[in-house]
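One structure, pasted below without further comment.
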């Protein structure tokens, strides 16, 4: 693999302590890497330090396969949790959807237009309705009908397929099934869901109906990582739109669709560009 | 009273039915009033019709004191709930605050600059801290210390004072006491509160702390009419601001202050200009 | 044609005068139509009255083909400009694009998902690049290469084709050619363009580069009807997104794409639902 | 002066080069300062590196008066433009206003409530109208009537007074006079103006009238540093509000007031907290 145009991304977090920044920047300096993005954050209350650094491999003093080993002593010294990724790795995404097509369509079109640097080898659904859309885009479509009785077994089958397809990221594009605990544990911080409300308001089903009933003047959408607790995972991105008494539930659904699409796509983009660090039940988004 | 420059505002609601709009507009046409604002809304689900009409008194065929009587037969025919107001009436506002001054300051400054057509004869507080601000603006300041034991008696005294001062509207400018049921009933749809979150998210106390803990990417503020159920009244106006992981609780409070001020001021302004109709637990805002 | 579920939409404007609203609502009342949406606006400065009324045909006292004739006397009496449309008419849209696919893709996907009640018989482009997208959606693709020398002749050919296809609305989905005066005149208030800036800031080409150079903190997109003066037509819809010093021109372009898609789609939707009245160089949007 | 609770803020910019970050963080590490905020930005196109670091003085290895000297060699090595400030220094602000009181009132109230860590020793105006407001807040008020003939002389007198008062920051709170070139040069990047439009749209006078005429759907406000070219200085902050055909010019002015107040206050706050770096005609805002 050539290193031309390739960048390395280092994401790390650890207890805040003196000398941290100096140690990392000294490492990069000796590394001779041209830094093109660096951002950091200290959570004063939790005393946690989080950092993202991205630098060009070309011109770097050490080979890409040796960076991790060279960094390991620093990581150990400061007790870091860290990851190292290279921009020429192409992540593999599985899109999950149910019956509503708008998020699926939007993600597939963005992918086709080259907005996402990723592969999308499969679409999974608990219904058959969206098969034609997946096939229009040349993506394999797998429907897994799920009932309370079959759920465990089906999720096992699903997990096996995802593993075989070497899936890095699962995107729930208005997938209306709650994933089991074991499933979620397998893809910790690697399942992104779009919830059609401004969480924590209107968690659960039918948020637009509840929003209409409550008479809110603004609706929202929330992209978050999935955890075993429904709608409680770390929030990645949110956005809102103004509504009025003139808007029926159908209008809220219509206006909400655009929010959902954009918020979910932004979250996927941030994840793929390695811009997100999860700590506790929160995210740091280095944008 | 001269009618020059004065407008009449008719606000009405009733079960939706044919002939309604024709009857009202025919009334106004015969009335010979020059309509300067008209807006209406039909809630299809509830089958409720709501309307606001504002017209110039000058040139109107009937005297202002006869409009109500002339309209009464139409109102009865359609089963309307309605109100009629004239723009030269100057409503009297009581501002309630506790210790945080920003909303109080903002409202008093707006009033002083002539943004509100109203009188502000008194500021009420359960603390003494804000007395100097009220006095700077030449407004009487009354502190009512409230404990669980004194609450009922104090609210009775307060009600008596408000009645004596002929108060039309109570604005809770970050007033941190829950008003009793009897008090609220007395000023139904005439008490506006600002809640420092995007309701229904983070109802109750310490919303900024909760928002920070949940890791939301957007915070909000909500102005609503007060009902006996805390933070559950009809929403008048909401607004939001973007936040990030960089924002501490103190930053949320700082950014939230500006939201609170603006959202509360907008709600007061809409109320004073007779732009709001409450029905069920919702508002129609004719802006 | 059955009238079940069909609505009639009346859009009108005229010099403001007394009796107008009474006359229209009386007409509808006698018409016996169940009004499901009514909105009106008086431009006080220009003394212009504008109104939109939508009612159900089913149960109406007069047949749809007689409504126009019955309304004509009222229109004449008040000097109205007016239009009458029925919701079961399916407008025909031509999409124009150049090389950037995102707006084209978005509109075609929305159309396919049933968000727009319309037919899309053809995509027109001055390049061949987007042919595969049109064909994926089963829409005919016509490329018209345009040079200063061929422009007049090509636009004549284009006009002939549009006429033959009975096109009601042209949507410029990032079409980078300026349309000739004759062309624009033919489709007055029926060509919608998306401009990739918050007009009137950064009119003309390369707005994201200019925005970046100027160091703005917010970018925008503007949908407007096309007039002979470039980027000067009546604005239908605008929206904005926050940016920072961290955003390169490429980031502005990326963030701007989502604005462009949503703003253009909203404008098309408003047009198709007959929610827009153009007067002077402005729009009234009855949403 | 005690160092307890005091922070040092280092703002620097220089040509981007390797070893920069390592050198600065190594300096701070040796310095033994507890970093509470660090942010940096590389403008790839201009190859400029910009950084802000804030650390606690208490516990630092070198005394505050020696930090500058100790940093100087690093600054020279990398060709840095830099500044060092301490959070216990209280900047002195002069507020300039003309006839409109809302921004002046808002800034004075924020100052009084302790939102700004600053002194406000004087208000300057080219009219006498706002004298009572300044005096209510116990701030000296100076009116300088300015005509084309007296402008140069008056600005000289004004400069002398500002110097005598050791003014650090001038805030133009809807001050409607254009400042002369010599005046501006004296307070380079230390004069903040609020312009009542979304620049660069509607530069110059009467932006709300122009916005109304153009029929925009969103209005804005822009806070920027003043340069000799009117409305062309580096933008610090912008915000927008949605408007519609229902809004008259008076409504735009009313809605715009709230934007102006908040946007100006945010810019002043960012400046006072040393969050802004100006380079070229842009700002980096480290928030």
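Order of writing sets the labels: A, B, C and D. Residues in every chain begin at 1.
FYI, a residue touches a chain if its C-beta (ideal position, glycine included) is under 8 Å from a C-beta of that chain, and two chains touch if they have at least 3 such contacts.
Here the structure is a predicted model, which means the values were calculated and not measured.
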Chain C and chain B - chains in contact with each: A, D
From chain A, the most remote chain by mean C-alpha position: B
Whole-Å separation of chain centres (CA-atom averages), chain A against chain D: 37
Centroid spacing, where centroids are CA-atom means, of chain A and chain B in whole angstrom: 42
Contacts with two or more other chains, residues of chain D listed in rising order: 44, 246
Complex contact set, residues of chain D against chain C: 41, 43-45, 198-202, 214-218, 220, 234-240, 244-246, 248, 281-285
Residues on chain B engaged by chain C in the complex (per definition of touch): 18-19, 21-22, 25-26, 28-29, 32, 34-40, 42, 44, 242
Complex contacts: residues of chain A adjacent to chain C: 101-102, 105-106, 109, 112-113, 115, 136, 246, 254, 257-258, 262, 265-266, 287
